[in-house]
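Going in written order, the chains are labelled A, B, C, D and E, and every chain counts its residues from 1.
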């Protein structure tokens, strides 16, 4: 991105970022290093929520400059409304099996999920969609005890020991002391893509600052931080 | 015991009309906005899908069950509070109101902590009945009762307090014991508040989402009530948003029908 | 006007005690379970973090503002309903109760549809005041008022209905106009119901999550109230769950303090 | 001079109908008597505006209060009514109850409360100012209610059994007080009472209602001296032997 | 034979104190008179158990009802009280109001309602069975309340100004009815009234209270014939010239 920063004496350009809840910890670090690298831009604040909540808010005029979604479908609905510049895929995520501490259900592979009390995300929501695909690929048939609407609900049940296993994103289990994670075979084939885009609203300078943030996230420094939190590298894949 | 007048001439002051209209607008306009965004082409198929109808029927059944539970536990609780010494009543009332403040999601976590497998209570229940409450329809009912009970208790307690002590005294001097005073005098006199409390309770129960989602999960046909179905649809992005609106309208229409059919919920139904 | 007795001997029947205890247990035990799972080592830092305190102060401020708004709009609305002909009142009451049924998240979507960029109303407001309501502290207040108003209206309406028509008639024959009857007779007599309604309303407002999240967003210091902060912490997985519990306890403790400090909310405060 | 107050109306309540025609000059006091359930309270409720009339008309000083499609609300009639149930405001103390009417008429708070204190003295209850109605005896409440009605200074006054729950002495005192006030203010008044003594001591004219209709009317002593129905005979019989009440 | 009912107690209410000592044999009727605010209603409230006593003791047929650390709730005393405010249940019709006591005593519904119908006839209100209290006149309500108290068949009865709001004829009828019932059932009774006629016609003994203390007591006619205070003199003066009431 071109470095045409304004004189430092002037007020920094303020941008607002809306990011999927699963990016919360990684984006905390990214914000710091981005602001250090770009003193003329201030991020205030980063809003975290479910991607579809954020998409709805953007469609209704939320004053947001960057949208980082956890799935491509929500990004597309904003894009189709003509509100974004070209999105960039900046991270990937794969699924992991979460089990309670001590693994009481002795789950070691996808096949074990069929016999354990398992919770999945509902097939309508991104993590559920991916879970279905992963299980289909492995030809495992699971009757989930519950199809939660989000990762948080899955993790809460696993952490409380109510479920013996759940399928969530690898990044969700990283750093959670209450659960252990197992990397299932075939996880790499079911990849979730995280797109980010600058929104084409507000002044030109703001839009440019937003684009610089997107580029930062998708570029080297951002990638390093994301990797620390378990995200996969940006794969130049066709989104679907 | 004042005679019911044909017209007391004490209508609401004109000055009340404007804010009243504003208040009504605040409640009704968003609903109209919601209806206006419905996608009529897919509405019918959305609301008649098996999942929608399953969820609606589950909502009505669990709503009814939890309301019944709330009445069975809440009316006695309201009674005990209403008849306690002032300080005790004050404390009890604050305790009862607290779950209101809790975001329902946290309420769900609390229920999970209480009844979950990792808790003593959960272990007892599993030992006694051999089942776990979580992921069951019972859990839905419990979650709804947890969030709805305060509404019932507080509004019933209010009307029990104002329902004339004079009549209860007269009943007692006529030889009526506590049970008869309660059932033949106190409760009938408090009926308007009771009905209002039951309505609030039922409405809150079938609108309940957060606690159910955490504590009971989201299994279609078993624990997926309407609000969970709506939320799941909403999170589905794309067309999901439209079917979420469609499901909401179905819930609203059902609620209006249920509310309008409660004939007892009318002024002067008793007095 | 019956004399307030030292002891009427009409305490609650013994048979009420067991269900009352069960009811209380259903409300209180989950809270205890929540407290017992708190991680005491991090509790202090969690509840004293700038984000937590900002959220708490925002919650209290918006809760107060929305409760005030609800009183200003809701009391007149309750009055108009209480004084309407039976059929009109019945319909109005059902309308007022409907938002109760709506999962708050859908309420938030409805508010967005009403005030958002894509709506006519939103455009007018932007043209008039040059600002958008959405995603501001004002939006938080509106969302809270939307979900809390029905509680206020319905419980106040109930107590207005039962607050003796006889006294209002006497006041009128003494020459008091509608306004004086309202402020000096009707409202004071309905005070217990009013106070209860305000409490329900405030509690519901500061516990509000879904509608706020959608309509107002989750900006720390601007729209991130306690429930949103709790939700955000909770979504953070890992240690987030502990700080979510810590924040919940902070909210609970604050609520208990506020509720206990409402002195007027006592039996016989007026009668 | 016109009579000022004219009423000629019918009130229908389910199967019960009451019909009356009466007029009141400035300063005139009318007694209304009749067996229990005859329709007395219904008549004064209708005149006060607490109840709609079904036919006829009520007017005061040329203004139509009810009838001809008009139904003026009670507070715009300026007709005071001490009802059969005194309905003291339970949340106000005795003094504030008495001051209520004066406050409604726009009197400043301090003045209204001072006035109320005077009334408390006149009804024999000095020092009871801060008592709530629930802290008064039945007779004390009745007296406060009477004072409240008088202190409001209405254009016309109606009292429905104003001396119930009072012992003989207190009843006599209150009768004297009322008589005195009416003489002073020349307020048109309707007194409902079951006591012939009240009628004789207070009223100029007596109307007797039975089953919703007027059965006898005229000068009080004249009516009681020539009773036409069993009821009037029974009432007349209760007067002390010497039917020679000291008036004024 | 023991007197059966014995009371000797004090009730304190803020600055007001009432103290009384009385006993009642089976079938005895006691009249309680006194100026407004003397403490009459307080006494019967305390005996009924609506109010705690501060010292002394109340006992009936050997059972302590109050005092000695005991405070039996009203419904376990079986002492009926028709209070100064009749407090008819507003949600029940006239018949159900009257049937209430019998139902409380365990009578079957149909029988209790049939009994109530009889009572409605006896109080001159046949056909009013389905009326709610709000649809009755003041005097009609008072009669229903009296019937309700009598129909409950208590071991002992107390009536606080039972004939207010009644015209002379109805009052006489109700007095006769009450006298007749008391003669038939031999119920111990306390009658509070401001009317000397009530005392003479109903009671055996008269106690006069002033300012919370007994000032005179004895046979009704004896007390009225030899008044010791101004109040008693005033009461005695209201008796018809021929102080020769037909008893029974």
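Convention: contacts are C-beta pairs under 8 Å (C-beta built on N, C-alpha and C of every residue); 3 or more make two chains touch, one makes a residue touch a chain.
Everything numeric here is computed off the predicted structure, so don't read it as measured data.
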Target chain D, source chain A, minimum contact steps = 2
Ask   = Hey, how far apart are chain A and chain E in touch steps, shortest way?
value = 2
Remark   = Top of the farthest list for chain E, CA-centroid basis, is A
Key: Gap in Å, rounded to a whole number, between the CA centres of chain D and chain C   = 47
Intercentroid distance (Cα basis), chain C paired with chain B, Å = 14
Residues of chain A touching at least two other chains = 56, 156
Task = Find every residue in chain E that makes contact with two or more other chains and list them.
result = 49-50, 73-75, 85, 87, 135
Query = For chain B, what residues touch not just one other chain but two or more?
reply = 1-5, 8-10, 109, 113, 164, 166, 169, 171-172, 177-178, 181, 231, 234, 241, 271
Message = Quick check on the complex: what are the chain C residues that touch chain B?
response = 1-2, 4-5, 8-20, 22-24, 26-34, 36-37, 72-77, 79-80, 82-83, 86, 89-107, 109-111, 113-114, 119, 121, 142, 145-146, 149-151, 153-155, 157-159, 161-162, 164-166, 168-169, 171-172, 177-179, 181-182, 186, 192-193, 196, 199-200, 203-204, 206-207, 209-210, 226-227, 230-231, 234, 241, 244-245, 248, 251-252, 255-256, 259-260, 265-268, 271
Note = chain E partner, complex, touching residues on chain D are 13-14, 33-38, 41, 84-85, 135-140, 142-143, 160-161, 164-172, 194, 230-231, 234-235, 237-238, 240-241
Ask   = Across the complex, what residues on chain C touch chain D?
value = 1-4, 164, 166-167, 169-178, 180-181, 184-185, 188-189, 191, 270-271
Inquiry  = Which residues of chain C touch chain A once you look at their complex with the stated criterion?
reply    = 109, 112-113, 116-118, 122, 132, 134-135, 213-214, 217-222, 232, 234-239, 241
Task = Sort out for me which residues of chain A touch chain B in the complex.
result = 50-52, 55-56, 71, 73-74, 76-77, 117, 119, 122, 124-126, 144-150, 153, 156-157, 160-162
